[in-house]
Structures are given as C-alpha cells and as structure tokens.
Amino acid sequence: MFLFPSTVLQLTELTPDTFRIRLSSPENFARQFIPGQFVMASVAGPSHLDPLLKRPFSICRLRPDGFELLIKVVGRGTEILQHMAIGTLLSLHGPLGNGYPVNVIGKDRKIMLVAGGIGIASIISLLDYCLEAAYPLKNINLILGARTSSELLYIDEFRQLTEKGLTLSIATDDGSRGHRGLVTDLVSRQLQNNAENNPIILSCGPLPMLTALGKLAVEASCPCYLSLESRMACGFGVCLGCVTRNKTKDEKHPWVKVCHDGPVFDAATLQL
Amino acid sequence: MIDLSVLLGSGLRLKNPVMTASGTFGYGREYEPYLELNKLGAVVTKGLSLLPKPGNEPPRIVETPCGMLNAIGLENIGVEAFLSDELPALKAAQATVVVNFFGETIDEYEELAEILDQETGIDALEINISCPNVKAGGLQFGTDPRMAASLVTAVRRRTSLPLITKLSPNVTDIISIAMAVEAAGSDCVSLINTLTGMAVDLQSRKPVLANITGGLSGPAIKPIALRMVHQVARNVNIPVIGIGGISSTNDALEFLLVGATAIQVGTCNFVNPAITAEIAAGIETFLHESSISHISDFIGSLQLA
Amino acid sequence: MIDLSVLLGSGLRLKNPVMTASGTFGYGREYEPYLELNKLGAVVTKGLSLLPKPGNEPPRIVETPCGMLNAIGLENIGVEAFLSDELPALKAAQATVVVNFFGETIDEYEELAEILDQETGIDALEINISCPNVKAGGLQFGTDPRMAASLVTAVRRRTSLPLITKLSPNVTDIISIAMAVEAAGSDCVSLINTLTGMAVDLQSRKPVLANITGGLSGPAIKPIALRMVHQVARNVNIPVIGIGGISSTNDALEFLLVGATAIQVGTCNFVNPAITAEIAAGIETFLHESSISHISDFIGSLQLA
Amino acid sequence: MFLFPSTVLQLTELTPDTFRIRLSSPENFARQFIPGQFVMASVAGPSHLDPLLKRPFSICRLRPDGFELLIKVVGRGTEILQHMAIGTLLSLHGPLGNGYPVNVIGKDRKIMLVAGGIGIASIISLLDYCLEAAYPLKNINLILGARTSSELLYIDEFRQLTEKGLTLSIATDDGSRGHRGLVTDLVSRQLQNNAENNPIILSCGPLPMLTALGKLAVEASCPCYLSLESRMACGFGVCLGCVTRNKTKDEKHPWVKVCHDGPVFDAATLQL
C-alpha cells in the first residue's frame, strides 16, 4: 500500500455525470493490487483545506502507466474531480481494503457478477482479473443494472465479450434497454433456472440492491460477496468511522470496518 | 544539532514536540507503514476504558467545512486487550507511549489508572475528562472545575506516571478548569478536545449522525484552539499541549509560539498518515533556518506589545 | 403561491425567513446595488451604541480555514447618526428593520432601548449580549444566565418593540441562557454570535489582530451553530433565529429544519453581496419542489427517531 | 460596479512568481473604470469553501474582451490563481474603490509615477489612461523599483515609450539594473533637481516605500497620492476590516476605509 502523489493523465466524460480518470501510480502498485480494492484520493489541491477528507474510489482498471477510476458526480468532491485539469497532482493512498476473494473463485465455478450503477467500477476490476487469469468466459454471467440505457457504461466492450462466451444481462429502471425493472429480478430468475449449478455471486452497487441480493443468495444457498460503501474519513482502519454490523461478531463488539475488513464481505456475515 | 526535545512535567522528556491525538492514530501500529513511531515525540493511544466498548451506531462521521464531526462513541478494545495485544508492538517500536483513558465514574478512572501504573512501557497517561459523569447525571467531568479537580485528585493518588489532563473546549471559561486540574496535581494539560456540533441531511430530514451530535475537529477549529492554548498557557505553570486543526508545520509552530510545549495532530492523520513525521522534520528545518538551536527558545516567544 | 412568511413573536411578521446578520450588512444601504432590501425578511443593522465608537486598531480581520476572525471592536456611528442619516434610507426602501444594539452597562442598554422605541420605522430590536459588562468587571453579559436575564428584564421595561436577544456561543450551556432570557421577556433569541479565536503570524511572532483575539465566523462554525440552534429550539417556546456560517440555500434550510424560525447570513455577505436575496429565492424553489406550501410546515420538521 | 462570473481567458507567466491573467468582463465594465480601482476576485471554485474570502487586485489593463490583472504569488489564494485552467469561472466584484484623482492631473502638469514591485499593476492602469487621453509623455516621469532586474515587469514596453518622451528611471535593491538602492533615492534626487517645477506624485507599492515617499512629498510640498493595501474581507465598505488612520478625521473616529475611501489617498491626510 502506497501514499503517493499522482498525476491526472486523462479525463474522459462518459455521460453528463460520470467520467473516467486515468492516474499515475508508483511502480509496484499493480503487483499489489487485488480486484475490488480502492484508493483514497484527495479532491482539494494543497492550497485548499476544503473539502478536507480524501474520497474512496474503486480501482477500476490497471493501465500500463497507472490506473483508471470510474466516477459518478454526486457532490462537491466528485464535482471538483470532474473539472480537474490534466497534469494536476492528487494525493493518493492505496490500494486499500481486502478486495474480492479471488482465491475462492475456482476456474470451474460459475461466476455471477452483479453491478448496479457506478458499482460497475469495482466489478470491471474483477472481470479484468478473470480475463487476465484466463477464466473461461462461458462460466461468467455479468448482470448490469442502471436507471436508463444511457447510463450503462462500457456496454460495447461487454457485448464483444459475449462473442467469447460471456453471458450478459441488463436491467434498466425505465426499460430503455434489457429487462424493465430491477437487476435482482434477473438474478432471481437465473438462480431459479440453474438451481442445480449454483454460482458464486460477487456484487457492487447501491445498498438496497445488495441487501436484496444477499437475501436471494441465502435462499438459493449461493456463496455471495458484496462490496459495501460507507462514509469514510481515513480508509485504513484508524478512525472507526465506517463500521457496519457483522453477525458473526460478538454482540458486545458487533462491528467490522468497511475500509479495512472490507469493502467486500461475505453476505452471510452481514446484517443487511 | 538542534535540540528539539521538550519536557512535559518533570518525568517526561519527548524527543520532539510532535504527538498524535487520541482516537486518530489507532493504537499506533496502524501507522507503521507510513512512519517510524519512534521518530515522534509520543504516540497517544485511542481512549481506553476498563471494558471494551462497542461505541455508537453508524453513521459515525460526516465531513463539514474544513473539518469533520465524529460520534465514534469512544469505541475501544478495553485496557486488557490493549496491554496484551497492542502495547508489546509499541514497545518493540521503541515508541514513547501515552495512554489516553476515560471512565463513567471516578472509580472507573481510578481503577484504570492503577492498572496502567503497574505496566512497563507506558510513559504517561492522558485523562480524557470530556466524558459524561454518570453519577452526576451525565454532566461532563470537563465542564466544571470542581468535578474536574476531584477526578484528577483521585487519579493522581493511583499513579506516579506523568499525568496529562485533556480539556474540553465546550466551556465558558477553560482557564478556570486548567487551573483547577493543575492544583489537583496534573503534570500537564492538553487542549482542545472536539467542539460539539451537528449535521443534518435535507433529503431524509434526519441528523446525519446516528448519535445526533458529534465532535467537531480539523482546521475549522484551529483559531479557537489557538486562543484557548494561548489563554491557558499564560495562566498555568504546567506545560500545555496544543491540539486542534493542525494540518501543517506552520500550524504546529503557531501553537508552540503561543506557549504550547508540545502539540498533537488529530484529524489530519486521516488525510495524510505521514503528517506527524513530516511536521517533526518541518519544525527542525524551521528552527534551523531561524538559527534557533533550542526549541525552548521558540516556545511561548509570542510578542504581545 | 408558497407562504414564506414567518412570525417572530407576536409582533413581527417577516415576509420570508432570510435576515442579515449584524455587522455584516453595514446599515443596509450599502447593499442596494446588489438586491432589493424589501425582498429580505429583515435587515439587521450594525450594532449601535449610545455614542459613536471608533472600534479597534487595525489589523482587524484575518482569514482562517473556511472562516475569518474579526476584531472590529463594535465600531459604529452611534444611535443619533443612525436615526438621522441611515434610518430614512431604510424606510424609503421599505425594508423591515431590526436594530442591533449594545452597551457597557445595563443603563446604557436601557437608554438605547428607550431612544429606539420612540422611533418609527424600526420593526424590532436585537440586543447583543456578547459584550463586556464594565460594572461586572468586564465579564460578558452573555456568559451568565442571571446577568443576561437582568439585562433583558431591564430592556424589556423600556420598549414595546419585539425584542430579540442575541446569544454568545462561548458558554458551557447555551440552553440555560436562552431559557433565562425567555423568562425575562425576550420575544425571540438569535444565535450564534462569533466564537472567540486567535491567529498569529510566524514571521513577526505577533498576533495577527491588534486586539490579539477576535470572533470566528463563517462556514467553519456552522456545525456548532446548528447544534446550538437545535438544542435551544427544543428547550424554549419563543422563536429561534439561526446564525452561523450560512453560505447557501441548503445551509439556511438546515437551520430551519432543526427548528429555526428565521436565519441570518453574516460573513458570506462579504463574499457574495447578493447571497441573501439568492437564498430567499432558493428557499422558495425548494419548498415548491418539495410541495410544501407553508414554510411553517418545514420549520422544525427534523425527525429524530 | 458589477458582481459577475468571469472567465479566465489567458494566463501568462512573467517571472516564476508573477503572472498576468486576462479575465472577461461585462459590457459596461470599461466605461465605469477609473485607473487605480480594483476587483475582488474569488480564488476558490464554487465547490470549495476555502479559501473563503475574495482577494483584491488592481485592474491593470483594460482589454477589448475584458481586463488584465498582474499578480504576485504570496500565499494560498494567489497560488491557486497561478494554476487556474483557462476557461475557469471566477466570481468577480468591481470595479471598486476610488481610483487615482484623474481630474486633478492637468495635461500641462509634471506627473511622477512611482511603482514598487507589484505596485506596477496599478500604475500601468494610470499610464494607460494618460496615453489614451493623450497626455504629453514628456511630462511623465515613471520611476520603477524592484528587488532585482529580472523582477522588473513590462520594461521593454516602457523603454519604447521613452522614445516618445517618457522619462524612465529604475532602481533595484541589488543594483542589477539602474540605481542600486531605493526608488525613493531617485525620487528625492529628481525632486531636488526640479525644485521649481514640482510634479504631482502618484504611487503604488510596499508600505515602507509609500511612507518614505509621503515624507519626501511633504518636504517638497508636492501633491502626492498613494495607493494603499490592507487586509480586506468585503472590499466595498461594509466589514470595517480594512481601516487606516486619517489625520483629517475626528480623533474619536480616526478611520478611513482603504476599500471604499481609497485605495488611493492624498498622502497629506494619512498618518504614515
């Protein structure tokens, strides 16, 4: 894990409120990286004391000269990043967190990747990992949810992978592409259709989606790993700000830290 | 060679004036990837209680202009786990260790002081008096000079370790409280703890923090902290440790200038985990460039007229 | 049509809840290039004293993280000049006028209240009690419930104008002071005034402000102000005016949400002279978008459980 | 006087710590402008609350599409401006202040313009005015001071004007160009040499220079106008933060506001 100044190398608008930002990284960054990990990134330059805290973002994609983040503008910090000039220096900290349990995902296993909204950033890192490690694409089922079709990101790339065996399903709230409704409708349907060959589910997205998914997984008794969000001050386990309740822990000390024990948790341990 | 060492009361010499603020530095170990713990003046631990405490429900933190609110609720692993699981690592790192602790009754404070007093590897104690006194109906120990003094008197009897009393800024007259704990035998005072604040969410129409209110920290509070440290330093004869919004070497120097013998960095450890080491180095550079060979010649050198 | 009007005590209805904070809006006229004064809930004047006051030596201001310190020292033109030179312009602009005033003794407060009471064109008075009581050895009226109450009782006898008491945040227990001035007959409380702070200059090794300390204002203090307004609003039965670090419509709405009947904008008038008018319009838009037709349905609608 | 969003049109580094920034302005801005006036400029974008206050800068030069500022980096705000991307929107307020007393400067009058350091920004606005209004250049004596020759700004332009009659004198602290020493040495010498034909002095620069200049002017009984600096919160007369002592005022109320009554003052009224 590194604490490093990082240069904004490229910034690409994907939709009016999402963008991709390429950042430089230290030499051994890629070697340490586990898919699902995140960085804490400063949003204010050294002359601004506000916004004060760094912001957590999933490392979406490693690149030869650094890595990419995929960011949705929701507030002050993300708005500042959206308008950052190329060449600006950010202060970065990472990779942080545990990442997805890549060791437990066997190559012969059915894998269901479920991404809601900007949660795709984290899921892409896992998909990239699977491609890199030559997982058979026919075992991978990618399920995407968004409010509307224009908010579906990287969709052409995913389409191309279907030609190599990837299964792709899409749900939009307004039905402008794929299933009209929730991504969990698709998950539920697919779990029923394949009751004999249960996949391992890995997901990142809004909390209500994760909660629903966790329940579906229990019902279908699939292993299920969820990447959570939480308000974070430090990102490395010292402020105790990001805790969430964990069923397997002592009732006197029921917390796990999303930043340090997560962000990826076995759904069975969470109280969702 | 510049002499950066400072004396906190008779018993405690720090190699430099840069300490970590309780609750923002974990139990110390977590920062080893970023700095050498023994390069700091001292490591102050997360506040400990007799038994482990779960703390508050989340959400526990929220960012505010140039600061943050926290309502961690004094979550900690308890003194026993600290002594067995954490203190050895601090000793191994040859860190100067200050243990911050609190109780809900004077008895609890006393019991903790006694336990900590028997341990080797602890260099000083910091009593957090910004805690509700359950016996006094939840009034904070730290908001009343008499209550603060009786607490310090009681703890003082149980330990010969250097004793730092950490003051609350949520008071009309912090000088009277500092003077009271000085008279009660505190070797040192540290200030300020957080200011009570609140944030609300317009969408949900609810407080952001599950606890409703939280403690405000960070650069936003620096001017208030600096004023209080200045006032207290001029009214007590024991060393004062300055805390509140320190985010740079210059901030640290400002606290020393108004009379703090040492400083603690809190919230900004989250933003830059290496900041305490950077400030320690920065102070050395500043003294060097100012041709000051002993830091004591700089401390309290503010000119008022 | 959305009803933005609010009632501050029985006598004073404002067309909307957006007021200006004393000392940050001059005598009102200075803002006429930027907005229409009669579009605001009320204009609160710079604090007036019986005789003109020169105020402190410069430097009087310094920027701090998300805020500023001021030590203007209550410079003002005096009540006489205000009535002859400034009030007519406010009347001509059809502004709702709140006169903020202060004294060094209760007698001075009383005399001022009497003078102001006889004037037409003044809609309410705001007593600033964050001032040293020279007879009580310089202790601030605002830091002691009894002293605050006797001041308000005295002033109350001299005027039938709606009376707003402006509270100091530099206290252990602001609720007790609010309750004391309510009992003494104040129609309203406004809070917070500035928090006492300090800044120093490392080059000169001197305080930045000639007065050494100054009052901290701006977004930095918003969380503290919001907490105090929340606490006071739940403990008094008179309307509360929220002040402290308001820089946007959302900030203003947050104060209304926790129970403020109106708000005052201070420091941010310097940064954007049109901000009060923008906030008044912004609140209307928000209520419209939230389908709330009476602002009173929004005020104090915070959900605590 | 306007309150307006202004676009950064151009930013040119002049020395490592000074730069010129061209900003857009509303239509009637130029018409209202008096040389010596200033703007208050935001340095933080709308998503930053810190640095909070606007900063005062002399309007150096009107341009067809706006105006230019000349800025020296001394702290956080000026550092942020130095790295501002073209196209950034600033919030501006101005023109503010009184400006130089152009009405009292007759065309037949000897004019001595004295600029120290970044004070040249304000003096240029006055020189531009004189050129525009066709003041005879032979009546104008421009005296510049800087620490070292590399910090002398616009010097080639001034040199060219000497061909049309402008008198130019230079002082540097290190003697790297012109007189080695203070700008006031030059002023003092020139006042003595021309005792019979006293100029009107107009100056902007560091306070010690202005103080010395004010004294020289009194001794030589020249009219003298000085542009002062002060810490400012509002810039338009409402915060009472920027006051300075004025001899002509009542001792009970000895202040004038630098932002509103100045920044240009008759030296005779100031207590320097």
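Each chain carries a letter (A, B, C and D) given by its place in the written order, and its residues are counted from 1.
Heads up, the rule we're going with is that a contact is a pair of C-beta atoms (placed from the backbone, for glycine too) under 8 Å apart; a residue touches a chain by one contact, two chains touch by 3 or more.
Remember, it's a predicted structure, so these values are computed and weren't measured experimentally.
Farthest from chain A in terms of Cα centroid separation is D. Looking at C-D and B-D side by side, the one with more C-beta contacts is C-D.
One finds 34 Å separating the Cα centroids of chain B and chain C.
Chain D has its Cα centroid 54 Å from the Cα centroid of chain A. Annotation: 47 Å between the Cα-based centres of chain B and chain D. Along chain B, residues 65-67, 218-219 each make contact with two or more other chains. Annotation for chain A: residues 49-51 touch two or more other chains. If the chains shown are joined wherever they touch, the resulting network links each chain directly to all the rest.
Of all residues in chain B, only 64-67, 69, 143, 170-173, 195-200, 202, 204-207, 212-213, 216, 218-224, 226-227, 230, 245, 250, 253-254, 257-258, 301-304 touch chain C in the complex they form.
Chain B contributes residues 23-26, 30-31, 33-34, 52, 54-55, 58-63, 65-68, 70, 72, 75, 218-219, 247, 267, 269-274 to its touches with chain A in the complex. Listed in rising order, the residues of chain A touching chain C in the complex are 49-50. Those residues of chain D whose C-beta lies close enough to touch chain A in the complex are 44-45, 47-51, 76-77, 79-80, 83, 85.
The part of chain A that touches chain B in the complex is made up of residues 1, 3, 42, 49-54, 91, 93, 230-244, 252-255.
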